[in-house]
Structure formats: C-alpha cells, structure tokens
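Paired with chain B in one complex and with chain C in the other, chain A is shared by the two complexes that follow.
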Partner chain A sequence: MTTTITDFIFPKIHTFPPLYTKQPNSTILSNQLDSWCQIILSYCEYYRITSLTINGIPKYTQLETIDLEKIPPIFENKTINRTTNDDFKSSIIHHLIYKLNKAEYINPKKPELGIYIYWRSLVEWGQLLYDYVDNSGQLGTVLTIYELTKSDENGLPDSLKNLDETLLIKIVKDFLIKQGKAQILMTEDNEIGGVKIV
Partner chain B sequence: MGQQTSAPPKITAQDKAIFQLKQQRDKLKQYQKKISIIIDKQSNLAKVAIQHKQLDRAKFYLRAKKQQESIISKTYNQLDNLEGLIGTIEFKLIEKDVLYGLQQGNDVLKKLNNELSIDKIDKVLDDLQDERVKVDEISDALGMGSGLTNQEELEVDEEFERLELEVNGDKIIPETKVDEPKVELPQVPDNKIMPEAPTNELEAPEEEQEEQVTSKPNEPIAI
Partner chain C sequence: MVSYLNIWQSILINKSNRPVLQEGEYNLFIRDNIGLYQGKSKIISRQNGRLYLTNKRIIYFDNDNNANCMAIAVSDVNSCEMIEGFLRSSPKVKVHIKSSDLANSSSTESNGNGSSGNNNNKSNDVRIINWACKICSYNNQISTNFDFDENEIPKCTSCGIRPNKLYLIKLLDTSRRNSSDGRDSINESDTLAPSSALSLSTMMTSTTDSATTDDVSITSRRDDQCPTCTFINHPSMKYCELCGSELKSSLPPSLQLKLNESLSNLSTNAKPNTSTDPSSNITNPLKLRLETNNEIYTNNKPYIKISFRKGGEEKFMKHLVEILDDIRWESLKNRGAINQNSVKQPSLITERKQSIKGGPGIHGLELKGEQQRKRNEMILSTSLDDLEQLMFKYQDLIKLSNSFTKFVRREGNINSKYNTSTVVPPLVIRKSSPLFSQELSRHISEYATNFELTKISSMITSQELFSNYNRFLVLTQGFGTELISPEDFNKAIELFDTLKLPIKVKTYEKTGLIVLTTRNSSNSYEEFIIKFMRDFEYEFTYKKLKNKEIGINDDFLQNEYDYFKGVTISEVSDRLIWSYNITVQEIETCIANGSIVIDQSIAGTFYYINQFSSTYKSEIDEDKLIEKIKEEIITEQNTITQDLKDQYDNDNSSNLINVQPDYTFGINRINELMKEDTGASNGSELESFRNTPEPSAQSSQYTSLNDLQGLSFN
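Take a look at the complex of A and B:
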C-alpha cells in the first residue's frame, strides 16, 4: 500500500494561523467557514474521499492505491504547528451540511458515524451511474452492488469504480428510485444487494 | 427512457433468479480474491523459510499453495457454469420477448386482414358505383347535368365560334401581308460588309497587349 499520487496542495490560507481558531466577528467567521468548506471539498475531491468522520478524518476513498493514514490531515498544519479543536470542527461540518448542502450525515440518527462529502452531488452521481448502465446496454438488467463497485470485468468507468457501497445505495435510493428509474433487490440477509435500472 | 415519475420498475421472478445467480458469482469472485492473496502470502513465506534454511517449513507452504491453486482452478469452472447459466437465462428472456413481439404482430396483421376481406371491398366498391349512378340520375331528373341545359350549351358554342372569328380574323390579314417583303430584305446586308473587318482589328490590339505584358516582366529581370 504505497501512495501513488502526490500530496494534495493546500491553498495558501491553510498556512494562515488565525484560520485555525474560531473568529469572534460573525462576518469574518462566515468567511472563515466558507474557506474551510472549500478546503474540505477540494481535498476530498482530490483524494476521491466520499466520507469523513465527524472529526474530519477520511473514512472512505475510491482510490485503492492510497493509504488514508499517510495523506496529510485536513485540520492540521504541522509547518505552522496549528490544529483546529473539535468544537470548531463541528461548526465547520455544520456549515458544510446545512449552509452549503455539500455534506450529509451518513445516518442522521447517529451523527457519530460520520458524513458523506458531496464534491459531486447525489444527482450528478446518479446521472453518472445511469449513463454508465445505459451506455453499456445494461438497462433493465439486474446488477449486483458488487458488480457496480468492485468488478473490473464490465468496463466500469473510473469515476464509479470502487465507490462506497453505502453511498451507491444512497444514490440509487435518493435519486434513481425517486425518478422511477430503479428498483432494489434484497439479499437473504435483508440487505440491499442488487439494483435494476431501467 | 422517459421522465416518468413514481412508477418504479417491477422485479420479476426471472430478475430474482438472475440476481441470486449473480450473487453466487460475486461470492465466488470474492473467494478467488481471498485465495489468491493467501497464495501470494504463502509463496512469500516459502521464500523466507528457504532463506532461513527451514526446508521442511518451505515445503509445507509450497504444498499448501499448490492446494489453494487447485481450489482456484475449480472455482473458475464453477464461475464458468454460473456465468453460462446467467447468459442462457438472459438469452431465453430475449427469445421470450421476441416470441411475444411476433405474436403481437401476427394478431395485428390478422385483424387488419379481416377488415380487408375481398368480399367487403367488392361490396364497398359496388355500393360506391350505385351511389354515383344515383347522383347522376338525380342530376338528370333535375335537369342539371353540368349546370346548363342542352339549349344553353349550344348557345355557348355559337358565341365561342363568333368570338374566335372576331379575334383571329383581324390577325390573319396583317400576318400574310408582312411575310412577303421580309423574305427579300434580310439576305442582302448580312453577307457583305460586316464580318471580316472587325475580327482583324480585334486581334491586332490583343497581340500588342500580350507583347506589352510579356515585355514588362522581362525588363526587371534584366536589370
């Protein structure tokens, strides 16, 4: 497990010490929160991270070749010796979820499970998935979740490959089923195991 | 393909069967992945054992590895079976659709043929003919064959002839008078003076111009 892509280059503001403490002035604070959210989104997009813990630690990435423990952390800058505290982190995440709608709790009833980061929106994900199934002539065919995430035999595009299964299911449930374009199949263990997209 | 809302596709029994087969296939693939990782590990361990001169241990790893390899090749056969079954079911479904399509087409064609029976067509054409005859009869009975009576028709013909005489009668006289003098006049001037003189004049300036054009580019080259 070696890192094959170069480290993410943080924007200049990431080396600006006041960024790491919650600013009292509300206008400045709002700008500060926006900056943080921007950093999180481009960081996650760069590493194809689709979920974070509520402490901002990467949970899942599509890239199999990177080791999530070795990439530079978001809320820490060792060169200026700064970190954000947990209280401020949760304000930032709150801002990302409720102000920008670019994130969501994985399970709203259990926020401690972490958040999905939507550098690509659910609608865009759904469109991507639908286009793949359409272009590969698999509309109306039953596809397993395994087939749609792990398989490397049926030309799955890189953008979809190795996607977090729970996120894939969320995309199907929250977008494709609502559009009347998909139906899910349950396994014997009563878990979602497959999907039929038409 | 359309943008229909709130009409989720139905899951048929066949879908479920294919789904189960595919699940089995996925499990096999996962199993293969697991085994191949174990094989890699064991060959590494065997290497290390040889380096440490633990020959028995190395042999044990190699034997285990061989065993896993034979398991993998068995799973490939099973995978082949499953994939084959999935393929056959999917193809049969398509065949079913084709048959259904053929039946539908056949029904429609039958219906259309029933509507187009020859007796019916003959009857319709006969009826049509009858109706036409009736229309003519009615028109005749009312004396309106073409909107005019025979007497009126004759009067129209007479007026037409009279008008034709009036119009054409005037034109015929001048045309014959003009024709005779025209024959003598044109032939004389055409032949003599015109043709030769202008062609000579025209060629001469053209040649001069060409000489000028050719001489001009020559001069700068000479300089």
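Take a look at the complex of A and C:
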C-alpha cells in the first residue's frame, strides 16, 4: 500500500471558469455535466473514494493513509477562485445517477445520506470479489465481512482492501445473490454474520 | 454758455453687468443698440449700449466699457418728442431737459443713495424727531408719522427698553404742532417749505431758494456742530459721534457730491474720473466728450437725443410719456392742485386706443368689434414685445455661433471619424416636401454607410444612429441647423427597404432592439465574436508566457495572468464597435447556438469559447508559442543592447567632436605631433589643444578632457 499519494491532477477543463456556472444552453449543459461527471469519476477513482455526500464531499475512501479533508475538493478551484453552487451540484449528481448510472443514492429514501460512486460498476466489483474468492480457493466457505475487507491473509487484493462494508454488502446483495453466486448468513441479532460465495 | 452735461450721473452696476436699481425703481423698457447725443452732437464712446428705462431713470449701459455707463433722472426730463429716421440716420427720441438749476440740484439729489431725495419730496409732513431713552438717555429717532395703532413701540437701540407710550405721543404731538406753526427747529430746515398753491415752476425756484437760505444759515452757525449736544463732528459724519442725533450736513454741494461719489465708488466700477478742478467736476462730472467742442442746442433749449439703431423708439416714447405724466400728476396731487375724486385722463397715446363706448345700431356694433380687435392687437403686440427682443438676441447668437463654426469643424476633423475623404453633402430639402422622408432616408443611409457602418461587422442601434446623425449635422453644418426629430428619423428608417438602400433594419425579437446593419452583412455575427475571443485568448497566453520567460513575477502579474479570465461584454463591444445592447443580444445568440459559454461569479459575468464540446481543440500550441516568444525576446534584447551601444557611442563621439572638429581622435594624431618634434611649437600646439574647448562648454566636456589628460604626451 502506498504511504502517501500526490494530489489528483484535475483535467484542464477544471480551470475553465465557465465550468462552474450552469450553462443556459441545454446542449452545452449536457456536455458540461458530462465533463463534471468525468472529473468526479476519475477523482474518486484516483483517491479510491466510494461514496460522496450529496454536496460532493468525499465520505469514504479505501485508502487509509489519506486525510479526506486535505485532498483538493472537487467542486472548488482555488486558483481561479470559482465554486459550484449547491443547486448546480445537485444537478450534476442527478446527471451522474440517472443519465450515466455511475452513482446511486446510499439510501434512495434518504438521499441526504450521500451517494455511492461507481467508478467501478457493481458488476465489476462483484466479479472482482468472486475472482478473489475463487482464486484463493474459498468458494463455499463462509467468510466474514472483516475477512473480505481487512484481512491481511490469503492475499486480499489491493482493490478490495478496506472496501466500505456497506458497499460490499450492496455488491453481494445486488449482484452476486441475484446471480445465485452468494448467500448471506444473518446472525441472531439480525446482523450480517458472513457471506458464502459459491 | 451753460453746460448741461451734468445731468448725467454715474450708476451702480452689479456683477452681471446690469444696473443696480434704486429703492422702488423698476424696469419698464430695455433696448439694445443705442447711441447718445447731447444736443446736436454725439457723445463720444456712448454710441453702443443698452437703454434701460425705469420709472426713475433713463439708464444708458455701455456694451463696451462698463465705466461708460450713465443715467439721467426722469425727473429732469421736461418732455420728449420723436425724430423719424431718414436715410442713414436712425430714428431718435429727443428728450428735453429742465432748466439748469433744477438739473443741478436733482443730480446731486439722486446722486446720493436716493433716500435723501425721497425724503426731500415726502418730508412735507414726515420728519424724524429724537426721543431720549429714560433709562440710558440715548437719543433715538422716530418719524413723525409713526402709527401707534399698527406698529409696536420701538425699543431703545442702546439698551433695548421700550419707552412709555404716552411720552412718545406727547413728543410727537409737540413736534407736529411746531411744524404746523411753521416755526421749525434747525432739523426742519432741510425739508422743503410746504408750498401748496405754487405752480411747478415756482416750486422749483422755492427749492433753490430754500437751498440758498440753508447755505446762509449754515454759514452763520458753527460748522459741524451737533444740534443736540453741540459736539463738533467731522464734516463727513452723518450722525453725531457723541449722542447719535442726526447731523445737518454743512458741506457745500460740490463737496457733498464728491463725497457721495467716493462712497458710491466703493461698490461700482463705473468710476467717473475725479478731476482736480472742482468747477469742471460740477459741470461735467462724468468727463463726457462730445464730437463738437460745444454743446449746440436748437432753439437754445437743452435736450439729449437717444438714437435707436435697431428700432424700438416708439415704445420708448410711449413709456417715457407715461412716466412723465405720472410724475406730473403726482406733483400736482402733492400740491393739492387736483380736486378730490378727479380722474386722470389717460395719456394721449393710450387714449387713441382706448374705447369710446359704441353707440346703438349696426355702426355701434361695428365700432365695438373694431375696438375689440384693436385691444387684442395691442395685447398681442405688447406680449410679443419681449419675444421680438429675444429674436434680436437670437440672431446675434446665430451670428456668433457661425463665427465659431470653422473651429467646430476643424475640431471634428481632428478627433473623429469624419475625416474620411468621403463627404456627405448636406441635405437640402424642405420639411414640408413630400419627398422629405425619402430624401432623409437616403441621407441617413449615406451617412451611415460612410461613417458608421464601415466594417462588415458594424452594427448600430437606431438610438445611436439618431444621435450620431444629429451630431453629424451640427458638426458639418454648424449650429442653427435644424435637427431631425425622432418621428422623421423613424419614418426614414422604415423606408430603407422600399428604397433599396444598402442598409437594413434588424430587430431583436426578445428585446425589440432595433439595429441597423449593412445589407450585405451576414445574419450571424458569431464568427466575429469567436474570432475576437480567440485573438483575445491568444494575446493573453502570449503575454502570460512572455512574462514567464522574461521572469517578471510580481503579485500583479501573477493575479493578472493566472488564468484566462474570459471576455466581458464591454470588451466585445469595444472591439467590434457595437453598442452594449447589441453585444448582449449577439452573445445571447451565440450562447443559444452553443458556441459561447458563460461564467458567472462574484467578479462579474465573463464569456468563453465553448470548450465542453468534444470537438473543441485549443488553437494555441503553447510549446510553439514559447519557442516563438523565446526568439522574440532574444531579438528584442539584441536590439536594446545595440541601441544602448549606439547611443553610448554617439554620445561619446559627439563629445570628442566638440573638442576640436578637425581632430581625429586616436594615438595617430599624437604620434604625428610627436614626429613633428619641433620643440616649443609642439608644446604650444598641445597647449592650445588642451585649451580648445570654449569656456562655457568646458564643464560639460570635462570628462572627455580628463581622458585626454590621462594620456602622456611626452
């Protein structure tokens, strides 16, 4: 695991002042929203951020070494002194969720909780998970969530390491279970005790 | 030969070059272009002025020199008559002056502050008497006609305590009884003797009589002595220095006149020349000079003539006659020569126009109608009187402005776009002509294509074109040209299409803005805006990179060239010479087309070329640009170095040349000198060489000489 990480280099468009103003022309606006989503996705991928608040502040990252408060914010550019206003942010997120399907509300009933950012789609995540379990010969074994995210043994790949637990469960539930490749074992307290991938 | 030049008095003038009127005086009539005659001869340097006829004076106000202003009291005027103009002589009004004695006395009278003259006229029954304050024993004054019912009892001016009313009434009663007895105190002697039944002429003599008796009484009495406390005051004092009671002026009239003049000089610049000779001062206080040496009067009666170079003599006559009548009426009334309830007959001039009640029948009706018409006519003519004068002034103004036209034109040529070789000939057509609109339309089009819509990207709003066109009219044809009204302009604009003129009207649907463009111009101005933005950005990047290369790096530049800040509407309007409104509209169109994007921040609204679309590719290749800039900098540095070097060489060589023009600087020359080796001559030549520079130039070329001295010559 890398100890430090250099700041994300925003694409050139990030220093283009009109980017921060919602464009009146609808064609331009959709281009602009595309640009924004592109920025968000690459930004999140770079920092391994899997969820954002609805205001675009990083919520969870797989990288333990970085301080989420210190990395440069997405919606702000200090050099050109511009910020996106909240209204425009929500339309960007809306675009990201409904047009590009690259994000999802953590809880659709409570959008204020934030969003998952799918710079890697659920399918890809699920495939990654399945491959790992398969490769490590643990198919059919019950694995705890901890084992799937934090464990140093069994050669857990970097990409899965320290994955947001809620996201992991979502991957298992929304993808693997639907494919019939996994089962979730509940504890007596109605909590998820383990995952069995077959 | 008696001189009547002393009827003229100096007047007070205010800052705006108008005469200062006395109390109760008002203007009746004003006329420009007036000349003055004394008798038969012109008064020199009183030939171009304004005439103010007031109810008290006839004032001549010189247009050239304020010091030449003067006036004559109406009370000095006996009568007046008109002299019609003949060939080149302009119409004149002859004003007859009363006899010499009166002229003298009244001139001194009104030469003062006017109040003394007023007092003299009125003081038949009104006098000022003294009352002593019971508290502080200060002498206060009160007029004998003081009305106790209407006015509050006056306070003592010294201590502020009001006196007892009974005391004042008693005092006034006694003084009134005294005056009715005819036996007066010394105070009384300055008032005119009440001469009730005397005719006008005898009244005049009585005034002179009283004046002479006055003089006698003064000479018998100790001069300047206060009548109340016997303190001897300075002759110029008006009130006793000690007790404050009014003093009788003991000065002879000539001195008094002088004193008054010097007092009035304090506030006026119409300064009469004070003469050392007192006698000439009296006869001709204003030092008037006539064309002829002597005053010549026909029939030996004194008169002046007022020449009306630009008309107006009739009205002047009318007003003057009215005033004279009024004065006569008043004086008769004062003398009690008029029966009670008697009505003054209207003056001759007005009488003519006054109606006689029409009789019965058709004739009467006709007469009435005639009278009505005449009355209307009179009202109209009098009310338009001022307008007429205004028109005279207006014509003067036009003349004046025309004299400036050439300056205006030249200025216009220098500063503005009207200096192109194309000349738009002025429009010569009457407004009433049916072709006016079309002609105007053509003219506007001609103007616009020549001066306003010179580029293919040019656009101008209708309002701007309207104002510019009118300005153009003024600049080319001078002031006084008729400007185009908005209605005519709008009509003319609408005709562009029907007349197939090279410009067309374009209306923005959103705002209704009307814009004029050339007919062959494209419908979209997007390309111009985009091109401008490109250039602008290129320029910006160029400067930024250049500064970076040169290595200048201060705060300002850092802020300024941190990132491309886009263009503002005003920058676009500036570059494309559009008005702001047009630019707003055009940029909106561009935004709608998707070629321009907007950036709104606290700092303002900026516009950029659309970079969101995938097709966008920056035309600026920074690496190439950097290369280019580097080269440029190098050449620039070279030029600068070369220039500096040249300059330095120039300076030095010119220094050397000044030392001795035919001397070729260098070791060769010295060697030659050495080779000659003629001992003394060699030394002297060197010596003279050293002394060649002029002493004055020595200091400036000292450095170069020093260099020479550094060389060893032996």
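What we mean here is this: the second predicted complex is superposed on the first by the 195 of 198 C-alpha atoms of A that agree within 3 Å, B and C clash if a C-alpha of one lies under 4 Å from a C-alpha of the other, contacts with A are read in each partner's own complex, and residues count from 1 in each chain.
One rule holds for everything that comes next: a residue touches a chain if its C-beta (ideal position, glycine included) is under 8 Å from a C-beta of that chain, and two chains touch if they have at least 3 such contacts.
Source: prediction; values computed, not measured.
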Chain B and chain C placed together on chain A: clash or fit? fit
- request: Mind working out whether A:Asn81 is in touch with chain B, chain C, both or neither, as first, second, both or neither?
  value: second
Counting only touches as set out at the top, which of chain B and chain C does A:Glu147 meet: first, second, both, neither?
-> first
Task = For A:Gly193, select first, second, both or neither according to whether it touches chain B, chain C, the two together, or no partner.
result = first
Here the angle between the directions from the C-alpha centre of chain A to those of chain B and chain C, rounded in steps of 10 degrees, is 150
*Thinking of the overlay built on chain A, is A:Lys161 touched by chain B (first), by chain C (second), by both, or by neither?*
neither
**Prompt:** What is the contact status of A:Lys173 with respect to chain B (first) and chain C (second): first, second, both, or neither?
**Reply:** neither
Is A:Gln23 contacted by the first partner chain B, the second partner chain C, both or neither? second
Can A:Ala182 be said to touch chain B (first), chain C (second), both, or neither? first
Min C-alpha distance chain B to chain C after superposition on A, in Å, is 40
In chain A, both chain B and chain C touch residues none
Touching chain B in the complex, chain A uses residues 140-144, 146-147, 150-151, 177-183, 185, 187, 193-194, 196, 198
Within the complex, chain A is touched by chain B residues 3-11, 15-16, 18-19, 22-23, 26, 29-30, 90
As the complex stands, chain A meets chain C at residues 13, 15-21, 23-25, 27-28, 31-32, 34-35, 79-82
The residues of chain C that touch chain A in their complex are 562-563, 565-566, 591-594, 597-601, 603, 606, 608, 610-614
